[in-house]
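Dropping the structures in below, format is structure tokens.
Each of the next two complexes has chain A plus one other chain: chain B in the first, chain C in the second.
And now, the complex of A and B:
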């Protein structure tokens, strides 16, 4: 399972306790702790919170999050430790010697209730007009503690303006409880640092550089902060009203494409265990809601592989055959729009390393408003394209001015898994109970696009196709499963030897194709810094996903998130993929069809360049 | 401003050469001497200094640090300023001795921003010490090296809290850290660090010179020695006084010629309000503890006003990190404004006192843990007066 990354920026006090030999006994040795009168044994250094959770003793938390370094600021998890005058926070307290803990004493209960009452007194608004109603940690606590009146009053006026500047993330600081999860997410997990607490005391606010609108700072739109916000202070920019309006308009042909990850997560919105498949039920729900066509983004993921894989081979050819040393290698994937914005802000001088391929979402948008419109004989002007994505950055991406190569806005709306679930609920449907139904033609077949959802999936798919194109044989891995691509380690590296290649690719004979995979932009930073130091000279291809875990952990996925939840979503995707008949992009019949009928010159040629490739913007860190 | 009542420490005209004495003995003996003296931290919390040094000494690390806390932000304290200004030798050499005792190579003086005017003078003093080989490499010919750097604070009260101070030294926002781990294990840049008050270092210097036994003759058994008090408010002779621990409040009032005193706030804004009926209580860690601030209120003072001033201070100075302090202080202050507007029931005030007790135990750092002290103690003693005046 993926480990929390503790970066150098986490203050020392937030970093895990280093247990010194000799000082505290052997690392890993057990220590006894008495909780509510019952003795337990835990490894030295276990926090009180962990010890309690392992033993099914519930302790409420707000600022604590499994993915993040510790803060100890909300104070709701306080417990009584015998011999201490004050109540320490259980999340930060490492057990290093025999202590006696009480989790429900009068002092503890009172303090927790007071803390909750204080938070509620400054918490603007009411639950019934709130998008986190029913899935809010503050609300849950209020219920748990039986709050039935506002002990210290309740704020009746807004103190902050809602920041709606961003295409992706909306900030309502009147709902913020200052747990700083978003701050820690942004700086520690993502190494972006768009958010920080400013001012002091009661004036403390989570803010941006110079308090600018989020759209005007270095936010990469990854939405990871949303996924970890315990309340409604952060949310994605929700286009569902516009989508409903389009559906309700009989003139409009509303097409939705669905990415792999939302299917792996959306069940959680309906009470299913993480890792419950909803793919074909979702299709039914979408049709019942009124979408005119339901298409599978796996198709355009396969298309991406064709284009991106060809691009890589062309780069290699340029270098190895033509001796063109200006060729930029390794080639970096470009399907994660959060990653794109990250590199545009933080490494603007390295944009040439990016594949010029659009993301699957945008490729599909361009194809729908051209080829699909042609095939179905529909006026592209009357087509509305919706993309169901696990991602908040896709909202920004579809609004990039350059994403209009079809002659129209290629993708009209990016919709997150959470927003889709809301539309389904509003339509009165209970997703888990629906019938299965298939995707619409002409893009109904699948290749290996499904595994795009998990970190390493793009790489695995690309290798399958590239290897097969070059050698005429499938990749030399059992069931085509390139296991080195899988897993959750932050940065992974592996290679595939190209042997007995086809004559066209003779220059690749004996080349050991080396690749790297990173997920979460903190890990991307490590890779980029290595690139900047000139250490990636022997690497050919790098996959980067902005979100920890890849798209299954995207900023539009159901809340909560945790390493375990992401693992289950990834397992589902790999299991479903294992059942597919075709597991290589180039063998997907729909892919063959589009290259025969529409992109007739083949990948990376004129028309595909026009429709399926793009360029990037040198943004830098300072934005006027 | 001189110290008005010089007793034990600040009476010595020619203070012996503690530095030489310390450096020619074993570090652990220096620590033992301080332990035996019973010296407790003079910054307010009263943690035994010898124990702190011992913990830092026994921590395994290749670097250790000494920090002198000269942030002196508690309303009503100004004794550290005088020590820095007039007893510079005691403070800086005290730091070197501490460094030697725990095995540190570097010290910081964290100087309150408002004391910037002392910066040049103190810098020159350090320069002089280096020239005299009392600082720098191979101090006094030994193989012990130690240097001191002065850092200016940025004017936040919370930066006087030791872990927030360390955060500030590291260049972060001045916010208290979680404890454990404690600075003696995980302090500046993660290395073992002792943070002590200015007065603590000065006193340690004297103890090394005169011995623990001599020192512990003064004061009480649990609070040995003397304490510098910064006395202000309604009295004829405000100023800095040295008194032995165990001195009663009424003796202090006599000393400064205070009349018609209604209450004394001991320990500054974060301290406790002592009413007339309890003036026989003593200044000592086991009774009324203080970092040095004593503020006197006579009969004419409106205790609601007094309390409002304190609470405004805390609302302003809370770092805003943790819930109990950030919002709790606002609620306490709002309660006072309600009283002022005749819009507050006694039971709501009791509710707030209860809240104050939760803040005392659930806040993350000493600021929020002590900010309810004046509220609770003034309400305890002056609730009737406050309500009957409205």
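And now, the complex of A and C:
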């Protein structure tokens, strides 16, 4: 399971306590702790909160999050420790000697209720008109503690303007309870640093640099802050009203493409356990809602592999055959729009290392408004393309000015998993009870695009296809499962040896294809710094996903998120992929079909360059 | 901001990182030096400090906005800070405030057109036994009366 990431930036007091052999004491590594009169044994250094959770003792939390470093700012998790005058926060209290803890005493109960009342006194708005209604940690606590009146009053006037500047993330600071989860996410987990607490005392707000609109500062739109916000202070920019309007317009042909990750997560919105497959039920729901065609993004994921894999082989050929030392290697994947914006801001001098391929979402958009329109004989002007994605950065991506190569806006709307679930509920459907149905042709559900959803998936798919194209044999791994690509370690490295290659690729004989995988932009930073120091000279291909865990942990996925939930979603994707008949992109019949009928020159040639490839913008870090 | 000004500022901050170190903990002394020399910490200076300390600009901004003696906007050369805390209030802060506003012809939070004076409130400066009290830059004035205030301002004019 993925380790919680802590950077050196966190002050020492916020870094997790590391128990080393030296400070274990005489009683070994375990220490006895009495919680509510019952003795437990826990390793030294375990916090009271962890000890309670391990033993099924409930303690409410707001600022605590498994993915983030400790903060201890919300104070809702206070407990009573015998001998202490004040109530310490259980999340930041490491157990180092025998202590007696009370989690249910009068003092604790009243303190928590007062803290809650204080939080509510500054929390603007009511719950009916709130998009987090039913999934709000503050609301849950209010119910848990039986809040039936506002002890310290309740603000009735807005104090902040809602920041709607960003295509991806909307900030409503009137709903903010200052837990700083977003700040810790943005700085520690993602190393972007768009948000920080500014001012002080009762003026404290979470704000951007110079309090500018989010669209004007460095934000990669990854939406990880949204996933961790306990209230509705952060949300994705929801286009569902426009989509309903398009659906309700009989003249418009509304096409939706669904990515693998939303299918793995959307069940959670309907009360299912994480890791419950909804792929084919979702298709039914989408048709019932009124989408005219339901297409599988796996197709364009396979298309990405064909283009990106070819691009890599061409770069290698240029280097090894033509001896062109200006070739940029390693090649970096370009599927994750959060990662693209990250590199554009933080490493603008390294943009040439990126693959020029568009992301699967944008490739599909361009194909739908050209090839699909032509095949179905529909005026592309009358086609609205919607992309169901686990991602808030996709909303920004589809609005990039360069993403209009089909002659139209390639993808009209990016919709997140949460917003889709809302649309399904609004249509009066209960997803888990629906029948299964298949995707629409001609882009059926085959291929290895499915595993794109998990970190390492793009790499695994690319290797399967590249290896098979070069050697004529499938990759030498059991069931094509390249296990070194899988897992949740922040940065992973592995290699595949190319042997007995086909005559066309003789220059690759004996080449040990080395690759790296990183997820979360804090890990991307490590890789890029290594590249800048010249340490990645022998690496050929690097996959980077902006979100921890890859797309399954994307900023548009159901809330909450945790390492365990991401693990279950990833398992589901790998299990579903194992059941598919075809697990290599180039064997996908739809891929063969499109290269026969439409992109007749083959991958990385004129037409595919026009439609499926893009360029990047040197954005830099400075804000005027 | 002119490019030459930016370059000069960059060099200045680089020198400061050399003397105070380029770690996170050097942030406050660097900010204080820039504040002292320039009267404010510009947007560009904040970003340059962030770059040289390898932290995010928003973290620098968070610190600058936290401390009331650091400012993001240019202010007058002399900053008059009148204590607004309860003991100075009871000792007659209001009359002092009115005199300051009348004499400088600006309201609290404003700067005189000649950029000489900025008038602000501040919280307790530890002169509770000698209130009302105020600061002009780093100089403390206590047991103020309206006529004393006029005398003090004259000295600075």
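Keep in mind that, in the parts below, the second predicted complex is superposed on the first by the 613 of 624 C-alpha atoms of A that agree within 3 Å, B and C clash if a C-alpha of one lies under 4 Å from a C-alpha of the other, contacts with A are read in each partner's own complex, and residues count from 1 in each chain.
To be clear about the criterion, a residue touches a chain if its C-beta (ideal position, glycine included) is under 8 Å from a C-beta of that chain, and two chains touch if they have at least 3 such contacts.
The structure presented is a predicted model; accordingly, all values stated were derived computationally and were not measured.
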In the superposed arrangement, which partner chain does A:209 touch: chain B (first), chain C (second), both, or neither?
second
Should A:97 be classified as contacting the first partner (chain B), the second (chain C), both, or neither?
neither
Is A:151 in contact with chain B, with chain C, with both, or with neither (first, second, both, neither)?
first
Identify the partner contact of A:623: answer first if only chain B is touched, second if only chain C is, both if each is, neither if none is.
second
With the two complexes superposed on chain A, say which partner A:199 touches: chain B (first), chain C (second), both, or neither.
both
Chain A residues touched - chain C or chain B, whichever exceeds:
B
Considering each complex separately, which residues of chain A are in contact with chain B in the first and with chain C in the second?
197, 199-200
Spell out the residues on chain B that touch chain A in their complex, using ranges where they run on.
59-60, 156, 163, 167, 170, 172-173, 177-181, 186, 189-190, 315-324, 326-331, 334, 351, 354-355, 357-364, 369
Within their complex, chain A touches chain B through residues 11-15, 17, 20, 22-23, 70, 72-76, 78, 85-89, 92-94, 96, 107, 110-111, 114-115, 118-119, 121-122, 151-153, 177-178, 197, 199-204
For the complex, give me every residue of chain A touching chain C.
9, 187, 192-200, 207-210, 217, 621-624
Using the touch definition up top, name the residues of chain C that touch chain A in the complex.
24, 43-44, 46-47, 51, 55-59, 61-62, 65-66, 72
